[in-house]
């Protein structure tokens, strides 16, 4: 979680200094979800992200160097600079793809589940509260339940779709209610409690792996920063943000872990400083990396045999 | 109901003799729904159909002559021959449009409701059990409830989407279950009981007209003929069809009405023969009508001012 | 009529062969397990099971996504879109994911899938069951677009499409399914090469899909008038085999392009633009285009007949082109 | 910079004026009530209320349908699609209903609506937030397609679009929103007439939207080399004002078309095809097309720069065209 937090704080700085361009969404405040879900998955499993997926990928094993280089559009980036923040892909870690299309990866996850269910794989996919408005989400609930697919649908409910609070984009009380008509087991949990996320995810993974079909996990969380880097945030008050700051998943977990002595103070410090080091290294790597060759802009459109 | 039934039986004959071409879907067996809904609406209300809308339109006041001419592609047809069976429009009767796109009119109905709610109008829209698989249906449930629109969503659940029984296209038990997450009042009724349909529709219309928002009415019914005229119907057994023949909405209502003496036998006979006459006249009218002028094929693409 | 020579027979042979040849091949779509409305996939489910022949709900956007997700994970899915008109519901997944994932991932992902699409005007089915939208897809880098006018090409090109590592749209004209080939054709190995279906020296006629047949009809009439048309069936629209076209023009100096789609913004526009650039000095007359008028497809059989380009229209355009 | 001369100011004036002028006008879209991500609709909700400025959920397909249903019932809705890339989700309603309902109903229905679409590549936003898909819509009878390159046209054409009785797509290039007009322009009453933004006699350059500005930059450089380019800003893409183009060609004998969209299958294809037909004998050289390479829009700023056609590329093409 520290790695994700420090990484994204660095991303914001680099956006401000224009070392990073593009439309960048950070998930600061939502690290508990990314971390809990990633911990529940095995090497054989697959994951799909959203437009806000740096954390999903880092938690899933992505090398921060390759990610930072990608965000900067360098040739050493995960996607050779072609993807950028919203379209990262890390196949060695089975992080299939992020997407700039809200709700766009849910159906992809179903397809991957069909392809890989016989190998015992589970597929997790993220989507937001806003994405619950998209028709495709509902089409996928139907198909996932009809075909009993080993899919974990993780809703990061941060209470907003861009600048619109949930109460203004739906009358539905809980996103997890959508599971009911389909008989899809659905839980609501505190997404800022990484252990709660992990527990719920473990249950869902178990169910999926045993052939019992999909699970919907609604993680209540909050993004402590703007919708995108540069968002003036006129749509919410400082009070609300500071209340959620108290529930910062990293703060909550650190306090819990050190107070209960699961993790010693020194170890925690070491975790933090190694995360900081990794982010520094990633930044260095990004800076030292070459730009892609502009004349190769039309590479990778078709496969090598075409 | 007799008019619809006789009309569609004639349509089938005319398809077989090739006087009618095109892809034609009849709703024989489902007349109870069309009739009950139409009876609940006032002149100021609007209605949207599906690909199977001859009955919806006839019940809504469409002149059988103009409809028959349209199905034949004559210049005197409702749409000057441009629409055909799946794309009929009858604006004088506020029958806004049928559509060849499954689930395609639900959102249109919402828009018309927004436009006309201040005039006290109610908008009814039909869709099938198969259409409940389309994302747009769910997007519309959300918006209709969010905006409390005066919309009546009428599901003609005939148990099949083309050749696929409902159990194979969804695990959802009742289409009306989809109303729950949105707090949309939803009822399941016997769609072959025209009075039950009328009752449910009256309630829904009242609610809509009083500003209390949308209602979902699931009408259980059955199409006694194939999905389209010419369908070999390999996907269902004769036993099933004959069971439903017993529940034919016209037979049920006629028996009820005459046995309870609501309608005298002679009146019923007169209703039947006048329906038969209307269908004969429609056929004559269609036959006597001129074809559209082929050189005007690109008329009506843009409005007169363009 | 020998059944084996119908367009649909070619498709069925290709599907069956690829299903047998590669266990990763699968098909999904509405009612495909019962054969679909035209019977193209008839019998597949009995032979290869529901795991590989999947009926789907009416959810075009998401079943396109499902196919992409399966392809991304190494399967070779074929998705059937019952009518091209409904492909409008799946454009997001097709354009934003299928076409772009290889690129956006810097080559990490392949999306080996076939999008089978039935299309075209025939029988008075009206504006929403009759369109020809292929030109849209020419404009989408990452997609390939194949068509066929006969059973031989239907078979060999479908097999090639399934084996391709990129998303291939395969357009099937409804008016062709049950038609018999009226020519004995050789098999062309490369699916992306055009086919010269008739030799001629007076003008070049470029077409594809069902219109190839109308062109052949017109050519027979033209021959009686002493005009010999060379007819090229493009087969692949993306990539386009310009070489074959230009070579022919160097012999005929005159060219017309015929398609059923609306003329404005159609495939003919791109071809005409390329021809006038590549063969500017070889052209004795402007490139002529024949396509549908600027209107939706009408339902009335009389209007539909007036709408679809036919051999009379082609004849007229050819005569005026040669007279130019 | 005078604020009032920015592209976005023109749009805002048009929206406000039409909202005031006609109570049937309304707007709907994601976050429009808070101004949208670019602030185009800022303040409208305060002035005209939530009944006319409606925030919608993320449901592109259905909000397009809602707009159509409102238009069919007599309203004049404007729908904002935040990025053209998401319009792929609403193609069904746009193409199968908005464009066809007048036709299919035999003229009973009118669909007076405006589809405002932000689009274009700028700032490294990547393949799914940068496309230029306008050529698709040229191929759809029933739609009109307007663009603007400056605040004057943005204002007058948006007003005309809102008053039009047919569905009009209004394309807004993100790279223009906050740019100031660099020319003093007169207002052209007819939205469907092209604008000659620069006179010249050596070649004709046809463009639209942001690329008009790149063409002007290139023309300044060309003038220094003694080449005078006539630059035509098309404004409306459907219908196309071919007359203005052909008239210019009769003076220059050379023409090139420049757009940001992928060259293959772009608007330039249709224009080139029409020009070579209408002005065959007037052309001293083939119609030249400049457009993006055949690839999705890359995210990397360096690649994006290499991708978007710029004045250097236009210059090069112009030099070679004039030298031809």
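In this document, chain identifiers A, B, C and D correspond to the written order of the chains, with residue numbering beginning at 1 in each.
By definition in this document, a residue touches a chain if its C-beta (ideal position, glycine included) is under 8 Å from a C-beta of that chain, and two chains touch if they have at least 3 such contacts.
Predicted model, so just to flag it, every value in this text is computed and none were measured.
In terms of C-beta pairs in contact, the better-connected of the chain pairs A-C and A-D is A-C. Look at the CA centroids: the one farthest from the centroid of chain C belongs to A.
Put simply, the C-alpha centre of chain A and that of chain B have 45 angstrom between them. Averaging C-alpha coordinates per chain places the centre of chain C 30 Å away from that of chain D.
In terms of their C-alpha centroids, the spacing between chain A and chain C amounts to 40 Å.
Taking each chain's centre as the average of its CA atoms, chain A and chain D sit 35 Å apart.
Residues of chain D in contact with two or more other chains: 57, 59, 61-62, 85-86, 92, 96, 100, 103-104, 126-128, 141-142, 294-296, 298-299.
Each of residues 77, 81-83, 87, 99-101, 133-136, 139, 142, 146, 168-170, 298-299, 301 in chain A touches at least two other chains.
Contact topology of the protein chains: fully connected, every pair of chains touching.
Remark: chain D residues 30-31, 34, 37, 55, 57-59, 61-62, 85-86, 123-129, 293-296, 298-303, 305-307 touch chain A in the complex. Per the touch definition, chain B reaches chain A in the complex via residues 133-139, 142, 145-146, 169-172, 177-178, 180-183.
Across the complex, chain C meets chain D through its residues 61, 85-86, 88-89, 91-92, 94-96, 99-100, 103-104, 126-128, 133, 135-136, 138-139, 141-142, 261-262, 264-266, 268-270, 272-273, 276-277, 280, 283, 285-289, 294-296, 298-299. Put simply, chain D touches chain B in their complex at residues 54, 56-57, 59, 61-75, 77, 92-93, 96-97, 100-110, 141-142, 144, 164-166. The part of chain A that touches chain D in the complex is made up of residues 21-23, 72-74, 77, 81-87, 99-103, 130-131, 133-135, 161-164, 168-170, 234-235, 291-292, 294-295, 297-299, 301.
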